[in-house]
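In what comes next, chain A is part of two complexes: it sits with chain B in the first one and with chain C in the second one.
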Partner chain A sequence: MAIDQSPIVVVDHLSTTFRTPRGPLKAVNDVSLTLERGSSLGIVGESGSGKTVLSRSIIGLLPTQNVTQTGTATINGSEIIGTRHKDLLKIWGSEVAMVFQDPMTALTPTRRVGQQIAESLRINLNLSRKDANLRAIELLRQVGIPSPERRARAYPNQLSGGMRQRVMIAIAIACGPEFLVADEPTTGLDVTVQAQVLDLITDLRAKSNLTMILVTHDLGVVATRTDNVAVMYAGRIVEQAPTAALFARVAMPYTKGLLDSTPRIDAPSHTRLSSIEGRPPDLVNPPEGCAFAPRCTYATDECRTVRPELVRSTLDANHLFACHHPLNGHQAASSLTENQ
Partner chain B sequence: MTKPLLSVNNLVVTYGARKHAVQAVAGVSFEIFEGETLGLVGESGCGKSTTGRAILQLEKVTSGSVTFDGEELTSLTPGEMRTRRRKLQMLFQDPISSLNPRRKIKHIVAEPLIIWKEGDDESRSQLVDQMLLEVGIDPHLAGDRYPREFSGGQCQRISIARSLVANPRLLVCDEMVSALDVSVQAQIINLLSDLKVKHNLTLLFIAHDLAVVKNVSDRVAVMYLGRLCELGPSDDLYAHPLHPYTAALLSAAVVPDPTVGLSHHTLEGEPPSPINPPSGCRFRTRCPNAEARCAEEVPELREIRPGHQVACHFPLEAVPVAIQS
Partner chain C sequence: MLRYVIRRIIAFIAIMLTISLLSFWLMRLLPGDPIVKHLGTSYTPDNAAQFAHQVGLDQGFFAQYFTWLGHALTGDLGYSWNVSPNSPITTIMSKTLPPTIEIAVMSQIIALLISIPMSVAVVRRPNGRFDRGVNAVMLSAYSIPTLIAIPILTLILTVRYSLLPGPSSWISFAQDPWLNLKVCLLPAIAISIASIAGHFRFLRNDMIINLQEDFVVMARSKGLTNRRILWRHVLRPSSVTLLTSVGLTIGGLIVGLFVAEIYLAIPGFSTQVIAAVDTSDYALLQACIMTIAFIVISIQLIVNFLLPIIDPRIARD
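Right, the complex of A and B next:
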């Protein structure tokens, strides 16, 4: 395979709106991003920030009823938004795959896990039943499940949470996708198992140059497992940068607030946490101006009336933020939209 | 912090009977001193919640003793225990489901007072309003609403108000901030530490999140498969863990700082089933330092440094820990 330098995922002005009884709810609001081949992007944010909806929008994994989408999202050049389910089936599994948060509900409870892995092999790669079963066992071994021959015959309820998540990963990588979306893959797992599962994903990515979106609420996971981070708030990306740069020099007060309210094991006991007062806005009636302004200590009248665009920083062209009063000496260089 | 408010001695809780018996808690002993917060950490299924529930006699204690303020709780009749329970309150993980969905907030918070027939309607409603204000809920706006109208963080505040209105001495907090977003989690942790000082509370804080436990606790106990591995002052325990399991837990925890990097001491495998626990030290099947003695002899908790106990035949005294560097 020739080395392809073009980005694998390009998202341009993507918005996803749900129709709700209370009115339209813009869960993803004008998001643009690109993913280079082999890179990993962490999407962080609190519940309801739109991180899951964004990741699902990108791979076309949203219901079609009561959902309107504008903008574009392409994977390997093929458009996802507006593509029919039938055509998406050709991409799912072979080009993109997803690891869900809750492996108990994502796996079929009444089928043996080996069969569930073999299913996508038979559909996507046209393997015979026997070959698919052998390959399934091989995949279980690859994801670090002991005695895979026996485990392949187990039902999901007979496996522990960590094992089930390994099975999910085996299904995801079965058909050799280039792009993996992992939505909170370790939430609900114990720390030691979380470390094992994340190590596994890191190894697999290194072996097959997988591109990954890792959706999580855990800043610690993002800090250690991703190349780039996008912070979401109220459906928009409010800050985006290479991971090291973001943590070294936070621009957006919301990101700083998240970091400061996270308890750390390397901080002394009883360290007072600084919390962000208030709650995220109601997305059916979003505030004018910056969505974070009502909770922001730096907010001015400008913040409450004019919505800040995502702009590049003068300090680092890869560091983007959407804020009128950025921290740590960041200044707006130019609007991204003007560049394009 | 002079006398223990609560002493737990060789506590055993067994689920099921005979062949299917599972010792969820297999001989746990610790003390909590007045005004102190003891953190109890461990992975799912290690018995930390069962320990908390057994202290309040919400689980049947198979053997061992629980002494609260000089009184043995395990031998009390259910009726007698009921009267003691107002001094021992519990906070749960899911605040929304632990509030009655069909009752107004002010009734939920007033219920302990009504049960204990304290005061008249007016003094109760005054106390309820004051309690709600203390937890940061406006009683005039919220009092007549129902739990479903509140977010998880607000419901947790209401749960705290309900538990404090009876003027308890010991709060058992079972994963009470686990389901909350970090910004809300920080609000609740701060609120709890303020209220603890104000109401002179003693806390047993049960959680799986090592960072949260360190933040709120004066001392921390680490539990594995029904037993305590280690117990010590928070900062000392996190800086110099003595038990290999504690060290492994700490190295698996991630810090929101890419410069700290990852530790490579992650544990292999998963905890064995408590139905058939390993002989001797329960951690030996996953322990990098296990030797023959670990399979034969159950290690007892012993004090190695002042106030710092460990249940291990080969504690990690001399080994420097990654987190220190």
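Right, the complex of A and C next:
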């Protein structure tokens, strides 16, 4: 059988709007992206930039009440946006899976962890109770949990944070999904445990050619674990590039701000950490022009009135940015929309 | 765990002792003279003195109390004075308690059988039309006193449709089990109305809160149906609130049982308590109060014991 070369995830002009008491809130605004099979995309941005909503929109996991979505998102060719819950059930768990930020709140507190893995196996793969339980123990061993037979009978609150995150990963990979969304998978963990969990995800991905979206605000994690990076601000992708290219030559002042606010180990002690002044804009009343302009030191009148489109760079056709005053010699080659 | 059990048992004993002392004192402040009630027309000062001596009323308060306590601790509750003179109280209890417990348990089974599926059904769409409709009905039901519910139910179920036996048709389980259950059903339904509404409100609100939790999104991402998520992942954590509600209902339940037994002339525990008050039967009344206290405290104890089993996050201490 020939290897399928088509992209596994295609998102096209996707917007997600929440109905709030204050008015419609566009959490994801006209986002397009593609993921090749086996690749990993990091989505970075501040809190409230829309990265979590985007990742959940792509797999159809948002609640339906008070949410409207436009555009399309396909996984393995099947449309997600507007698809009935009943049909999404067939994809969830078996084709796509998710790992959440806080394994304490994301595991059901009243069910044994073994049950929580076995349940997915029984429903998606039609395994018998006995087979599912054996397979669950096997999965726990696979994610590096010592004495899995005993741990399978534990409740989530009886495990450490790192072990809970391993359990969550075991649940996610249980039914052999092709696409994994990891939403801040290491944020709540100790630094040493973070590395272990990320290594585990990397190993598992390599074994089964798993495609991944890694949502995080930690650029250090992105730098080492992803092939591509998309930087989000106010619901839009403002810069997107292969990971190495992005870190080598940042185009967006916002991305530069994020990089500068990362602590550096080679800086002298007591160095003041730089930060981006101001707060992200209110998405119910988004500003005209560039959403980042009010916080940007390079902003001109043009930035405050005309919103920059996401364009290709003349230096690198894979490097996209949305800025009137790009850094490091980047220049707009052509609008993406004209290109397509 | 052992420390927890010991602490609970000590608290249990302390509460029982306090209640026994208070009630022993308070009932002696009730209007009505037990000696007069006991002797009636055959009252003479000699008879009165003799009866007072026989039941210990000629002694001081604490002497009476400790005599009673000493006997009670060995399981001897003494004899009834006036309700059915000279019958052992333990025998009276064994006859009057079963109908009352039967009705109470039946009402709670009905309440849980209705309130749990109802809550699960409405939280599929919180604040949707169905949810608001059911909420309105439940609020109305909550405002119906048992005193009103019983005659209305009697009119509908007995008079109009002849489905259930009406008042004064008591028959014990031993005599005719099927008919006995039918007799118990009407008061059980009447008493369950308030419990249904109470349990429903607690459980619905708690399930709605739990539905916002990450573990629900996680369960969805595993491809589980909404039905399975509600029954397997949300109901159990929310049962903590439900069980607390069951514990809280007991007070209202006892009041409801009193009303139901009087209305329907059921020879149960409540009827007997009222007779004991009426005739100043101190010995019987004391035993009744201790029984109620024992049941109420035990249920709270059981609830406290069950909570950590339902939700392992809850610590025993």
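In this section, the second predicted complex is superposed on the first by the 337 of 340 C-alpha atoms of A that agree within 3 Å, B and C clash if a C-alpha of one lies under 4 Å from a C-alpha of the other, contacts with A are read in each partner's own complex, and residues count from 1 in each chain.
Everything below uses one rule, namely that a contact is a pair of C-beta atoms (placed from the backbone, for glycine too) under 8 Å apart; a residue touches a chain by one contact, two chains touch by 3 or more.
Just so you know, these numbers come straight off a predicted model, no measurement behind them.
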Partner chain(s) touched by A:Asp12 [first = chain B, second = chain C, both, neither]: neither
Which superposed partner A:Thr105 touches (first chain B, second chain C, both, neither): second
Contacts of A:Glu309 with chain B and chain C, given as first, second, both or neither: neither
Which of chain B and chain C A:Gln158 touches, first, second, both or neither: second
Which superposed partner A:Arg264 touches (first chain B, second chain C, both, neither): first
First, second, both or neither for A:Asp199, with chain B first and chain C second: first
Dominant contact partner of chain A by residue count, chain C or chain B: B
Touching partner for A:Val191 - first (chain B), second (chain C), both, neither: first
Touched partner set for A:Thr243, first chain B, second chain C, both or neither: first
Overlap of the chain B and chain C footprints on chain A, listed as residue numbers: none
Chain A-facing residues of chain C, complex: 125, 213-215, 217-226, 228, 232-233, 236-237, 310-313
For the chain B and chain A complex, residues of the former touching the latter: 43-44, 151, 153, 181-187, 189-190, 193, 208-212, 214-218, 234-235, 238, 248-262, 266-268, 270, 323
Touching residues on chain A, where the partner in the complex is chain C: 56, 59, 61, 65, 85, 89-94, 96-98, 100-102, 105-111, 119-120, 123-124, 155, 157-158, 168, 171, 175
Chain B partner contacts - residues on chain A that touch it in the complex: 46-47, 160-163, 190-196, 199, 217-224, 243-244, 247-248, 257-277, 279
